[in-house]
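For reference, the structure is listed below as structure tokens.
We just call them A, B, C, D, E and F in the order they show up, numbering each chain from 1.
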Amino acid sequence: MEVTVNRHAHFNAAHRLFNPAWDDAKNSAVFGKCSNPRYHGHNYELIVSVTGPVDPETGYVVDMGWLKELITERVEEYLDHKNLNEEVDDFASLNPTVENIAVVIWKRLRPKLDLKYKLKVTLYETPRNFAEYSGT
Amino acid sequence: MEVTVNRHAHFNAAHRLFNPAWDDAKNSAVFGKCSNPRYHGHNYELIVSVTGPVDPETGYVVDMGWLKELITERVEEYLDHKNLNEEVDDFASLNPTVENIAVVIWKRLRPKLDLKYKLKVTLYETPRNFAEYSGT
Amino acid sequence: MEVTVNRHAHFNAAHRLFNPAWDDAKNSAVFGKCSNPRYHGHNYELIVSVTGPVDPETGYVVDMGWLKELITERVEEYLDHKNLNEEVDDFASLNPTVENIAVVIWKRLRPKLDLKYKLKVTLYETPRNFAEYSGT
Amino acid sequence: MEVTVNRHAHFNAAHRLFNPAWDDAKNSAVFGKCSNPRYHGHNYELIVSVTGPVDPETGYVVDMGWLKELITERVEEYLDHKNLNEEVDDFASLNPTVENIAVVIWKRLRPKLDLKYKLKVTLYETPRNFAEYSGT
Amino acid sequence: MEVTVNRHAHFNAAHRLFNPAWDDAKNSAVFGKCSNPRYHGHNYELIVSVTGPVDPETGYVVDMGWLKELITERVEEYLDHKNLNEEVDDFASLNPTVENIAVVIWKRLRPKLDLKYKLKVTLYETPRNFAEYSGT
Amino acid sequence: MEVTVNRHAHFNAAHRLFNPAWDDAKNSAVFGKCSNPRYHGHNYELIVSVTGPVDPETGYVVDMGWLKELITERVEEYLDHKNLNEEVDDFASLNPTVENIAVVIWKRLRPKLDLKYKLKVTLYETPRNFAEYSGT
């Protein structure tokens, strides 16, 4: 018997969409105003979903307080109030699209969870655009 | 490695629930006030979800600007501010329930997406009732 | 000491924007697709706000169960699943814009509330458009 | 061809997290303020999701009015405005975590649905914490 | 020139509606299931609104970080995960309706704010019921 | 008789909190991580509220399509996907706090509205922090 528990979190960041292998004209043609060299930014809203058995003693899949702390340490402290392109190692050569940020978050959380759990990350870049990644 | 990207959209429409094979009494008995012959209506809120590999050059599953345009052309221009029963070909003989509208939207979008992508449509008829269709 | 209590409610309806004093061309020019003669519709989300003293015995401004019933009787039964233009007396010669619907709702509730209370109506036509009326 | 229909509902309840096999010190160490012996409470927001074929005559997976009634009878009347630990049989010896409440709701609904339908329950304990259970 | 800044916060609590001057039958008749002697509970969502001049040096009405801390100290630590009737001094003889809780919160914050600021408290008992108090 | 109509809009931008009259140490001490020299960003959600008489011919306070266009021209084209500190004239020497941005938006819209209308701007910097300005 498996249950999924989900925890919301959030962070704010600046970014631009940019492929360093392309010149400015191509970046601008492909990414439009999202490639503004002086950056724009977002309120990223995050849902972390952990699926696994319910511990019969606690009634928890995982302790939500522990999960909240894990997200603070591994995601918020790494990304909150940052310039993703300039200040976050993972995006030194990786374009910080909502897809890639979701994958990076997943990879930062996965090693901290026992392998008996499945992990999914849902990341809202705006209330109208969001991405999901489950590691497969 | 597959990621899902999701895009919100919306349209407003009038409809009534109605099976033309039934008489008025049966329509009224089965569908209640939703079968009012003079129609009622909804703000339909739509989420279109596309699952596929992340393009290593763009960091995109698909360009969200392109997806937004596709939804405008294939869904909003077809359904927005319409009377679904009287003005939309797909519902000439198909009851415009939230289930059937979701399937119609999926069928209108599917041919426009490369087969390497999976497509899911989530359609809110009200904030309290919604349907999902993935083509299977 | 005055407190405001607020209660949500909702109804679905079909309507078209239409001024019977104008010909079709002018209605279409002014109201665009909102004037579609075959109607479109909305999920109207309503907030009814009552301001007044807190009863020291109950701790209530007004009983929210009573307010809920009042909204059901005076608003939902009158407007829900209706064609506003064709089936609702107030709109026989009044254009059912969100402004006018808010005023009509206010006028239907006002006589049922003691004069010591202030009344405000907030009406969402869509999540993006809404109107407020306080009777002044 | 399968579609999922989803219906929102809600109930309010008091609870505390508590394992009767543990002494007070251990309950407090594991569950913190959630184990307050005098209880705290939540607005539980529920989404019930039913997946199955669309009936060609009605255009429904299931009648949403029927589903609404079923949730009222099997969930809301059982849990609304209750103290989950003291007044609800299922939690006499089961810790009322959001995981366990979701499973209990699923088990109360499952026998009422034809086996051709899949059932999923999503339960929000707060807007920031929620659980999902699909019976597997 | 005055601007209003608003900050969200939240707490969970158990309560029952109860007037100690009345017997059980009258409490039950007036408050219904909200008077359940074993309590129920809510996720209270709070908006604290401060109106005043914008400081020309900071561009702030008040520092939102300071306001967040103030709400934590004066509201959340006092009410979160509590039984309002049994554990909160203000409700020893005051019925914990949403109206009265909003007034109590306002009174706990008001002395901490300079008199040049106006203060308003908005308190959601559920997503469908809420109260507002401005001190007048 | 006056009604208020409200229209949602949104834009994304990068910014930092910064007073050029202060040195870096003081900016950092006062504004914390919000003063990161490499910027962070937000999804700004905007509500523009116009209060005035209802035109008896149209049933409108103002045409919401016209208001939407006005917001696009005066607000979104000026602020969307911009670095507020570096690229927006109004913030060349004004700290782009949510308070100041709300005032700037109000000042850009006010001259475009007839004086018979009142104007209010509500600006969400995050779902948890927002400011309101009415011009007084």
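The rule we apply is simple: a contact is a pair of C-beta atoms (placed from the backbone, for glycine too) under 8 Å apart; a residue touches a chain by one contact, two chains touch by 3 or more.
All of these numbers come straight from a predicted model, not from anything done at the bench.
Participant: Spelling it out: a chain qualifies if it touches chain B and also touches chain C; which chains qualify?
Facilitator: none
Participant: Determine the shortest chain-contact distance, in steps, between chain C and chain E.
Facilitator: 1
Participant: Of the pairs B-C, C-F or C-E, which has an interface that repeats that of D-E (more than half of the contact pairs shared)?
Facilitator: B-C
Participant: Among all chains, whose Cα centre is located farthest from the one for chain B?
Facilitator: E
Participant: Consider the two chain pairs A-D and A-F; indicate the one with the greater count of contacting C-beta pairs.
Facilitator: Of A-F and A-D, it is A-F that has more C-beta pairs in contact.
Participant: So what's the Cα centroid distance for chain B and chain E, whole Å?
Facilitator: From the centre of chain B to the centre of chain E is 41 Å.
Participant: Rounded to the nearest whole Å, what is the centre-to-centre distance of chain B and chain D, using the mean of the C-alpha atoms as each centre?
Facilitator: The separation of the two C-alpha centroids amounts to 29 Å.
Participant: Of all the residues in chain F, which ones touch at least 2 other chains?
Facilitator: Those would be 127.
Participant: For this entry, which pairs of chains touch?
Facilitator: Here the touching pairs of chains are A-B, A-D, A-F, B-C, B-D, C-E, C-F, D-E, E-F.
Participant: Which bits of chain A are touching chain F when the two form their complex?
Facilitator: 10, 12-15, 33-34, 36, 38-43, 45, 80-83, 86-87, 126-127
Participant: Given the complex with chain C, which residues does chain F contribute to the contact?
Facilitator: By the definition above, chain F touches chain C via 1-8, 49, 54, 57-61, 64-65.
Participant: In the complex, go through chain F and note every residue touching chain E.
Facilitator: 17, 19, 21, 30-32, 94-100, 102-103, 127-133, 136
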